[in-house]
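Going by the order they are written in, the chains are A, B, C and D; count residues from 1 in each one.
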Amino acid sequence: MAKKQFNDLGLGTKVARLVNKNGSFNVKRKGQPFTFVNLYQNLIKMTWFEFLALTLSILLIINLLFASLYFFIGAAQMNGLQTGKPVNDFLNCLFFSFQTFTTVGYGHLSPDGNFMSFVAAFEAMTGLMVFAIITGLLYGRFAKPSAKILYSKNLIVAPYQDGLSYQFRITNKRKSVIMDIHARILVSFSGEGRTRTYSPLELERASVVLFPLNWTIVHPVTKDSPLFGKSKEELAKLDAEFIIVIKGYDDTFSQDVNSIHSYRHDEIIWGARFDIMYESDDDGYTVLHVDKLSDYSQYP
Amino acid sequence: MAKKQFNDLGLGTKVARLVNKNGSFNVKRKGQPFTFVNLYQNLIKMTWFEFLALTLSILLIINLLFASLYFFIGAAQMNGLQTGKPVNDFLNCLFFSFQTFTTVGYGHLSPDGNFMSFVAAFEAMTGLMVFAIITGLLYGRFAKPSAKILYSKNLIVAPYQDGLSYQFRITNKRKSVIMDIHARILVSFSGEGRTRTYSPLELERASVVLFPLNWTIVHPVTKDSPLFGKSKEELAKLDAEFIIVIKGYDDTFSQDVNSIHSYRHDEIIWGARFDIMYESDDDGYTVLHVDKLSDYSQYP
Amino acid sequence: MAKKQFNDLGLGTKVARLVNKNGSFNVKRKGQPFTFVNLYQNLIKMTWFEFLALTLSILLIINLLFASLYFFIGAAQMNGLQTGKPVNDFLNCLFFSFQTFTTVGYGHLSPDGNFMSFVAAFEAMTGLMVFAIITGLLYGRFAKPSAKILYSKNLIVAPYQDGLSYQFRITNKRKSVIMDIHARILVSFSGEGRTRTYSPLELERASVVLFPLNWTIVHPVTKDSPLFGKSKEELAKLDAEFIIVIKGYDDTFSQDVNSIHSYRHDEIIWGARFDIMYESDDDGYTVLHVDKLSDYSQYP
Amino acid sequence: MAKKQFNDLGLGTKVARLVNKNGSFNVKRKGQPFTFVNLYQNLIKMTWFEFLALTLSILLIINLLFASLYFFIGAAQMNGLQTGKPVNDFLNCLFFSFQTFTTVGYGHLSPDGNFMSFVAAFEAMTGLMVFAIITGLLYGRFAKPSAKILYSKNLIVAPYQDGLSYQFRITNKRKSVIMDIHARILVSFSGEGRTRTYSPLELERASVVLFPLNWTIVHPVTKDSPLFGKSKEELAKLDAEFIIVIKGYDDTFSQDVNSIHSYRHDEIIWGARFDIMYESDDDGYTVLHVDKLSDYSQYP
């Protein structure tokens, strides 16, 4: 891990925020070639509501297309399509399409002619392929490893020994066990006419073996710190942003998981301390109040 | 790996036991937001009996709901529903629902009207989606990497060179090969009015390349050990608990797997030695008696 | 990482190119035993067009085989097969095969005799197994972790401090986040009558924590570099090839991913500089022009 | 990695062979508790022939059970079961079972009574669950990461500088790319009345970045080597066995894969050299002859 300042990450000087609240970078990519993998990633990362809406829409569109095809081929090639009205005929074609696509195939509607039979066979295969894809996507959505780290809303400048320290607090959003968890912080400074610089900050402790409750990550402001002697106003002038990278081993997925976060200079609380967020109850259990993660008290 | 004592894991001073026998932490989490991932983790981690019971219940409930809907739409929109008795009609609706949900679709019962046909199409899709989810969950349950380490029931204080050592013994619950296996021990002390402290213990050997039989993990009590000179009574007064973290590469899953365990001070046997748990049989095979893992003999 | 020159990778002296543009090695393997895993890997790595064409062909062949079998067993053992013409009978056998293979089973065609019924039962099972395999392959194709790194078309020899440097530029083909990305370069020299040698090149910076935009990898030509004092003509004479290995942690797959690439001596541009490929737009966003990755300007 | 000799792996003194040719340890485990995971591992690791035979047997048994149940319930509760002969009735029950289990459901046989309908609904669900499990297992079998390393048949003692060296040769059984490949060797000595010892051997080069062809792993016998001055007869007396562990990053699975192998003292060829197993063809390709992996020539 390079410990010196560097300046070629390239994120611009005017950017509102380097890292978004969801951990993505505030970057637009142009001229990027299409790949199926981006399609897969989008399908994995979209919300459940979006995923279900998209799935149902696609299923409906496919079935409408096949229904139109059956309707076009005509009633003469379908057993059980005895109505005289076109609307009912089309609806029956749609129902036949659904019954074929899902392979339910009751049989009160069935293909009679050769062309109709071929199209129906093709639709049944299409249906099985589509549900094979959906099965894979559902599993991919469920099983995708990712750290769900909750971060305190603010970065806090708290007294520390003789001087100051920058602190923030994290906890696990899930019930899973995260082990061997490591934290890294880069501070990024900008300024008028200057390129952005990125400097790693030394931490009081950069890793913990176990992470059952919360963990307060502390950067003590020593003389070597790029934050030494910097006031609130100076940080604002430098457009300071703190980029956080958390890495740990997640026991549920048996894989290393990462989380990226950032705090801007205007999310710093000066002269405060985090409140304790756990207590022992009467049964001897430790009770962690996850919703108190961001709670702090001003230092008198 | 920080080797110094630290005190901010935060697990309380009064807690009955820090780490439960199944490796989870003795922590209640309040105010934790709901995530689908916890739902997935719960479905993956529950027992097979719970999983099957839950699955069957959900399948039954879904089918009862659709059956009720078909019954409400009425017999006029279903071919083959010729009985005059409501109970039989409802049962036939239920059977029709099962035949649609599983896409078996015999056809002696089939939807006739438009609304019935739409609902049946929707149910067939629901069925395929539900079984897609079940497929993913079954695979997730089977393929989830996890170390199944068996630990000796007791931590043993045994003579070691001129002094003492703390020892426990592990073996692989499975037939899989675990390689490059590492062990770490933290001892946690509490006391009246004091915060808990956590100190790593030096091991005689912290890792082995191969793990075909059993492995005895040994902490020699040198002068640098936080256990130096501590008697049984002192450990009880300090409410001592030993937290074990085992990490290794599992050949079945091709991934690193972890296992967490703990021993409390009242699970220590003083002045004993583990019995040998393997032997050579007449064919030259090494025979490992997994059920002798916890066997020890008092030291004379 | 061995840092000294070595010569036993064995890639020949006359070879047109050591590493192909898709990252594979320019090696033919003979006498290699067949394994199912190669089959799986081929099915995972082929293009989508090839995969779909292969899948449809296999589905068609299986159904033609079963149709022939049904036709051979004869119309006497199938309900609903009332035509007198052999061609129509065969087509109906094919449709019945599709209806059985996909388990759609309308029922207007159904097996009557025992042999026909057995074959149909076997085909339905075959169909389910085949779609189980397709489901797995589709998931495997989607979820296969791999770094999609885009490389600049050329390696560039650019001025650097008092001397020269070799540089190339990479960016992420995807929208995913790649972290803790490492680069390694080996330069390979050959010559008349000599074995090939492979020497690692020291990099100005061998890794970056985050990789949101592009990354220029720079080898400064110091006195210790095997490229020190080498002219364009000498590199051609030595048949120089630069083998690149990029390794990083991909956030989508939560796994380390790798990418291999190479530049031959005739892909080097001498005395040039890469153009800047990002800019800030009016909204403060950083805009990365992925299609400008290979753009350079000759150094005056 | 501990570099000193140790003696507590525990593999017995009389054992015919410590590590079997398939990489498993020559150990019998007794008293080991049953876990579903072993079941999964067995299903993943058995041969394809065993897997298919087991799958078909289970499918047949399940269908025979359901057929018996239908037969027991009786023809009165099934439409289309019009034969008078018990054998034909049972066969029709079996066909109905297959048609239900696979959800093909033609409908010429269909359940009529309530009990029959319930059992059929249950069987259809069972069928879907069984094929969900089969889908997962098929995927697990295909996608299981594992290094398929081919080892030379013999360990060879070859001249090396002023002394000797022990050498063996490996190549990749697959077309996949293995990177950052590491080798470790332990030599195990036994003897009358003594415990087995295990000593790591220093390698000339313990890792290579790329592995496109073959790799010869060389242990030079220096004065520090446990093999220094040992003759063929002494190795036999010590019942020497060489345990090999190969670890690398497989590009197909994006995971680290391992391979374990061993050579016994009677598999050593003294005074030989491996033949070169690749050549350049006329098109400039390097051609690797995988079947020449074990070829050697006696040293004159």
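FYI, a contact is a pair of C-beta atoms (placed from the backbone, for glycine too) under 8 Å apart; a residue touches a chain by one contact, two chains touch by 3 or more.
Because the structure is a prediction, the values reported are computed rather than measured.
S.K.: State which chains count as neighbours of chain A and simultaneously of chain C.
M.R.: Expected: B, D.
S.K.: Specify, for the interface formed by the sequence copies chain B and chain D, whether it is same or different in terms of residue numbers shared by both sides, with half as the dividing line.
M.R.: Shared-number fraction below one half, so different.
S.K.: For the identical-sequence pair chain A and chain B, what's the CA-based rotation angle in degrees, nearest 5?
M.R.: It is a rotation of 90 degrees, to the nearest 5.
S.K.: Which of C-D, B-C or A-D has the same interface as A-C, meaning more than half of the contact pairs match by residue number?
M.R.: Repeat interface, by the over-half criterion: C-D.
S.K.: Chain B to chain D: how many Å between their CA centres?
M.R.: Roughly 26 Å, centre to centre.
S.K.: Let me have the rounded angstrom distance from the C-alpha centre of chain A over to the C-alpha centre of chain D, please.
M.R.: 37
S.K.: Give the residues of chain D that touch two or more other chains, as numbers and ranges in rising order.
M.R.: Residue numbers touching two or more other chains: 99, 103-107, 135, 139, 146, 255.
S.K.: In their shared complex, at which residues does chain A touch chain B?
M.R.: Listed in rising order, the residues of chain A that touch chain B are 48, 59, 63, 88, 91-92, 95, 98-99, 102-108, 131, 134-135, 138-139, 142-143, 146, 148, 173-177, 179, 205, 207-210, 212-216, 249, 251-252, 254-255, 278-281, 283-292.
S.K.: Per the contact definition, I'd like the list of chain A residues that touch chain C in the complex.
M.R.: Touch residues, chain A against chain C: 1-2, 6, 8-16, 23-33, 35-38, 40-41, 44, 79, 99-100, 103-107, 109-112, 114, 117-118, 120-121, 124-125, 127-129, 132-133, 135-137, 139-140, 144-146, 184, 186, 243, 245, 253, 255-258, 260.
S.K.: Under the touch definition given earlier, write down the residues of chain B that touch chain C in their complex.
M.R.: Listed in rising order, the residues are 103, 105-107, 135.
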